[in-house]
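Each chain carries a letter (A, B, C, D and E) given by its place in the written order, and its residues are counted from 1.
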Amino acid sequence: METIVSVKPLLAVLVTLFVIPVLVSSSGKPNARESWIFIAGTIKLVLILSMLPVILEGKQIVLTLFEIAPGASIAFRVDGLGMLFAIVAASLYIVTSIYSIGYMRGLNEHGQTRFVSFFALAISATIGAAFSANLLTLYLFYEILSLATYPLVTHHQDATSKISGRRYLIFILGTSIGLVLPAMIYCYHVTGTLEFTTAGIFADQLSKPGATVLLLMFVFGFAKAGIMPFHTWLPAAMVAPTPVSALLHAVAVVKVGVFSIVRVLTGIFGVQLLGDFNLGVVVMTIASVTILLASCIALSQDELKRRLAYSTISQLSYIIFGVALLSPQGLLGGVIHIAMHAFGKITLFFCAGAIFVATGKKYISQMSGLGRRMPFTFAAFFIGALGVIGLPPTGGFYSKWNLILGTLEAQQTLFMLVLLVSSFLNAFYFLPIVYKGFFGKSPDEDDTTPVKIKEANLCCVIPLMITAVISIGLFFYPTIFVNLIKVGLAIK
Amino acid sequence: MHWPIDMIVLTFIIFCAIAAISVKDLLATAILFGAYSFMMCLLWAVMGAVDVAFTEASVGAGVSTVFFVAAVFRTSRRTKD
Amino acid sequence: MKFLGFIVVCLTGALLLYGTGDFSNWGDPNSPASLHLSNEYIERALEETQVPNLVTAVLADYRGFDTMFETAVIFCAGLACFLLLRDFREKKQRFYRHIPTGVILHVKNSKKVLPVGREFEHIDKDWVPSDLIIKTVCRILVPFIQIYAMYVVAHGDFSPGGGFQGGVIFGSSLILIAISYDLKILVRRIKEKVFGIFAAVGVLIYVGIAALCMPMGGNFLDYSKLAPLLPGDPHHVRALGMLGVEIGVGIAVTAVMVIIYINIVSEGRLEEGL
Amino acid sequence: MDNYPALIVVTPLLAALLAGLAAWIEDRLSYPIALMGLALSTFFAFKVLMQVIGSGTIHYRMAGWAPPMGIEYTIDLLNALVLLLVSGIAFLNLIASYPSVNQETNDRAASFYTIYLLFVTGLLGVTATGDLFNLYVLIEITSLTSYAMVALGDRDRGPIASLNYVFIGVIGASFYLLGVGYLYLKTGSLNMADVAHILSGIQGSSTVLVGFILCMLGIWIKMALFPMHVWLPNAYTYSPVAFSRVVAPLMTKVMVYVMIRLMVTVFGLDYIFNTLHLADAAVWLATIAILAGGVMALAQKNLKKMLTYIIVCEIGYMVGGAWMGNQLGMTGAILHIVNDALMTFALFLAVGNMVYKLKTIDLPDLKGLFGKMPWTMAGFVLAALSIIGVPPTCGFFSKWYLLLGALEAGAYHFAAALIISSLICAILFFKVFEICFFESLAGGHETAHGVVEIEEAPVSMLIVSGLVSLSIIVVGLYSGTIVNSIILPFLK
Amino acid sequence: MTDSLPYIVAKYNYWLYVILMMIGLYAMIAKNNLIKKLVGMNIFQTAIILFYVSIGYKTDATIPIIQNAHGGHDAHAAVIHAADYINPLPHVLMLTAIVVSVATFGVAMALAVRIYQRYQTLEEDELRMRISEE
């Protein structure tokens, strides 16, 4: 495969890192600070997009920074998969930045400079993870992301966030140090390399039980992916301000976890090896359990953000599920779900945040009739919900369609059922909200609320409109993402 | 080979050592310790280590004991063990 | 603790005894320890350094680097004792004795200092009349001890002795003054500061001589390169260098011994002692 | 100039004496003299390192006598590296120490600097020397100075801690001296290279075996390997902070260096691992040390004391790595000497800043420190992450080599201990972070306008703290270079 | 008995040093009084010095000071037999060791005085009690 050496990936990672000192120094001037974020975010996106044509041609961009040991270096390699993830993350970063202005100022939150700084650090780490050329680099950015997110999760600095933060760390850091690190070192010990290659790095060093254990260590170890039973941090982390939940817990953090698992499955083990040892089924089973259980739990949640969180947990497992199918269609469907779910879910989170900003309401049971007061928000919510359920005309349909085709292709009819059932469950826990929002009894019709509820401020509403529109747009034009995946995973 | 003499000196050294760490009066310890050092220095002189013996005579039996007595003077003389 | 200590001690003893199994016999002239380096030193030292006392030759020349640090250790000890114990606070109470009458004055919490001299004298809390015999004997002995100490330093090249032993002896002579007379008399005669300076200067003489060899074109401590600076027989340069450092050691050790003593005995107040 | 090796050690010694003398004239003179001495020493150390990398091992004959007769400095890559580390850290610490020395030992500042310099002289000498007995004398200098320093710290507990340290320290040094005596009895020589040469012919001797065990025991006591660690926590906790900042990172690390030097240069790895069968026992001991250190650290309520137990734990890393019996383990151990020195130094620098401002560092007193001392805490967090072993800080990379070494040697218990200790350290430090981060605002939310007043330590302390914390990352990223250009050539 | 006697005689110095060392070590570990521990420490160190001096000893050899050297520069003309003189190297080492031990002893004494000033006792158990009381 043709490779090009370029510093662009490094720059793309660093640009939001270097803006942090600027942010800190302009902490007294919110407007200046926010414009710096935009500039950095835009530069980042432009840098990433400028690499797009090259990648679509089937080339890869590589850059080796530090050689730690033979076969283990800190290096970037941009391929289709990473590019897909980077585009999603970087573009949503800009949108979220607009949104967080509205949200944070709307609620008059404290420590905004700290917030935006760590946000920038987190997005840097996300892009770094997307462009990682090997497991070591991926692990590095994975850990940075874990730590950078901690102050964001615990932003409120109160007792609840302390407990959530503790849980977040125990699960995320505990699994990555306790499971991924030894597994990674073992891989290096056995093979002498950690480079992602399509064929996998193992020749015949692994026995089936060994491979299973190693695989499970990775799958559970990347706990950001929210595979049960290592998922409980995710609902807990919903105490964070909504922009954090939106970008990080719908897009960046959890997707980095999923992305890591995808990388390990496709780049470290290799589709071939997984197929030989029949390990795909193992992963699929784990993913299916998570999908179904999480959906059921989501049904019982009254707090909107928590319901979204459980929905996220189940949707993340779709991606792993798809990859574990090991068939081209399944891979395509799984990976493209990274993008599709991202746009859908971020819309939902934005809506949840906008409702909170406008009304201060967190519970679904209080939201009946709000849709008539906040029509744009609830319309966007509807679109987002469709995307997550997987119905046309949203991008979510495209990925779910491919996933189902994948199960057929891999002749796993039983697992197709899982998908269908869970889609129904999705519909059950989302659509009632929309229905009640538009057609339910409105609270201020009784004049109990003196202040008339209206839409949240523009900075909140515009982003969610944008993401909703993109979500629909992806139904019609998924080509770029599809091509990227085909290039990245060498699928015909 | 004058090992009988050596033996006697050595026995005396061990006696002094044990006595120094077991008497209950620290001043007596100081004196026994001085005696111990002096015996030691005799032994070394016999072995031909004149410089070492000289040093031990001036340091171990001399100055160290003085320090010891000074410290006992400033602290307590009695001890339980 | 006692039992545990006993076990540890027995284990260590067993280990050491196990090690002795393979020793050569005591005094065996053919043991490896007595052959390899030892012979080289014995046969070459006199020729190379012109110092008949092999211990001094090895101590101050072949392994002079060790000795330099040994002196530094001594300096450290002095400094450490000073740091740990020296107490600059004014003492709350003072005792004076009116000599003609023998009345003892006890001054409490007062800044006032009585003129010490013919009428009054400083005394310790527990006044013990100084014994004339001891005083006189010591007064006679001290100069001889000091001369002997200097002899030991200077003659270290030819006979047992050297800077360290000489220094200790000189130090003990000063300690003897402190014991037989009074700590205050010693401290008044030779200020504490002087001891401090001497301790540092002593080590500095050693390090200085050693370092001087470097600009003279040799390695550190290479006395032979000092030949142009020294008068007399060029063969004796090394011996002279050694004498120089021994004097440094002597000065440092003297000062440090006194510093340790006066600080311990007076709990750092330098007022009353043994 | 070819006198650099001697000058590295002699300059601080001279400076110590001059600083002591200058104090009699004018107290303020001693600080600049001390600073100059260490600056020169660092410069020489750097020169020597460059020279060694360029043209190989330097042999410097003291007094011009050929090696077995006279004392020789043998500076190879390992020495040179540790020399630079020691002098550099001592120098940086001296820069940062000025305010805290004035605060803590005001009337004795000059004596403090003198003893400090003598201590550094001792460490440098221990590192540079190629003679077994010279090593002993220099160990005694470092010990004697530390006894004095420890007693200078806490008025009540300092002397007791110090006297305990004296007893155990003397036992350690005496064991080492005895070991050297046993070796001397068998070889008739004291020069390391010469002894090694003679030893290779008499490997079966029980005297050599006992000599070896005694040397190791002595050094282990001096470095505070687990059951022999009892002196360390109290001694380091109660010493003045300016001193604990230098003794904590350097003393134990230099002793580890001595151990490696004895193993590699004097006894030879072949003798240790092929003739003796003690390696397993030593690795087990190290494993226990790691776990015990971590667990004991958990029980502490004082930050400084907690860190001292972490030192005990880290010593286990290095001992285990060195005794692993393979190149990877040894590489890890040597790399960890550098890394651990830097991390511990950074931690103690931060502690120093806290002590300077707060006067106490019992954990509950650290409330709200993130707000009050953000820069100090930033340094502290970085160093703590490095101890936990998060990439790209240097702690991760030495752990990487240690783990690889453990896997290669089949010492899975050691690998497990490493992972567990990482987790324990994570718990430990996040416990501290939680206190510093949450407790300040326990009363409720603060608005963006209610800025917490910043009370930072003096600039000199902050700059040093920042520099060292950054160097943790830089050294981490360049650890491949360090390994390839210094450690591997040394081990070959 | 007649066989083992020469064996014992040949090494008795080494054995006795072990005994002395054990006495010293025992005192350091088990004694309760700090000053006693210090005495133990000194015994321990002198035992090691005894060991070194024993290494240096050679039968039928004299002290390591070259005789007839006062004659001047033709001294080196006379052949020096290594076997005639005792090994000087251990003596040199032990001079240093003695100095180190007296230095340590001095510092330790100073520490003991400091501890006594503060706690009015030198017994370890009482010290521990006083500390835990505070």
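Here is the rule we use: a residue touches a chain if its C-beta (ideal position, glycine included) is under 8 Å from a C-beta of that chain, and two chains touch if they have at least 3 such contacts.
Being a predicted model, the structure only gives us computed values, none of them experimental.
Looking at subunit A and subunit B, no chain is in contact with each of them. Note on connectivity: the fewest steps through touching chains from subunit B to subunit D is 2. Think of each touching pair as a link: the shortest run of links from subunit D to subunit E has 1 of them. With centres taken as mean C-alpha coordinates, the chain found closest to the middle of all protein C-alpha atoms is D. Compared on C-beta pairs in contact, C-E and A-D come out with C-E as the pair having more. Taking the CA centroid of subunit C as reference, the farthest chain centroid is that of A.
Using CA-based centroids throughout, the chain positioned farthest away from subunit B is A. For the pair subunit B and subunit C, the distance between C-alpha centroids works out to 19 Å. Inter-chain centre distance (subunit B to subunit E, centres taken as mean C-alpha positions): 11 Å. As a whole-number value, the distance joining the C-alpha centres of subunit A and subunit E reads 71 Å.
Rounded to whole angstrom, the centroid-to-centroid distance between subunit C and subunit D, based on C-alpha atoms, equals 32 Å. Within subunit B, residues 1, 50-51, 55, 59, 63, 67, 70-71, 74 each touch two or more of the remaining chains. For subunit C, the set of residues that touch two or more other chains comprises 16, 20, 23, 27, 31, 33-34, 37-38, 41, 53, 55, 63, 66, 70, 73, 76-77, 80, 84, 160, 162, 164, 260, 264, 267. Touching two or more other chains at once are residues 12-13, 19, 25-26, 54-59, 61, 63-65, 89-91, 93, 95-96, 99-100, 102-104, 106-107, 109, 111-114 of subunit E. Screening every pair of chains for touch gives A-D, B-C, B-E, C-D, C-E, D-E.
Subunit D contributes residues 385, 388-392, 397, 400-401, 403-404, 407-408, 415, 419, 422-423, 426, 430, 434, 437-438, 440-442, 444-448, 450, 477-481, 483-484 to its touches with subunit A in the complex. Contact residues of subunit A toward subunit D in the complex are 65-69, 72-74, 108-112, 136, 139-140, 143-144, 147, 151, 154, 156-159, 161-162, 165-166, 169, 173-174, 177-178, 181-182, 185-186, 188-189. The part of subunit E that touches subunit B in the complex is made up of residues 9, 12-13, 16, 19-20, 23-24, 26-27, 31-33, 35-36, 39-40, 42-43, 46, 49-50, 53-54, 56-59, 61-65, 86, 90-91, 94-95, 98-99, 102, 105-106, 109, 112-113, 116, 121-123. Residue ranges on subunit E touching subunit D, taken from their complex, read 25, 28, 34, 37, 41, 44-45, 48, 51-52, 55, 89-90, 93, 96-97, 100, 103-104, 107-108, 111-112, 114-115, 118, 127, 131, 134.
Interface residues of subunit B facing subunit C in the complex, by the touch rule stated above, are 1, 50-51, 53-55, 58-59, 62-63, 66-67, 69-71, 73-74.
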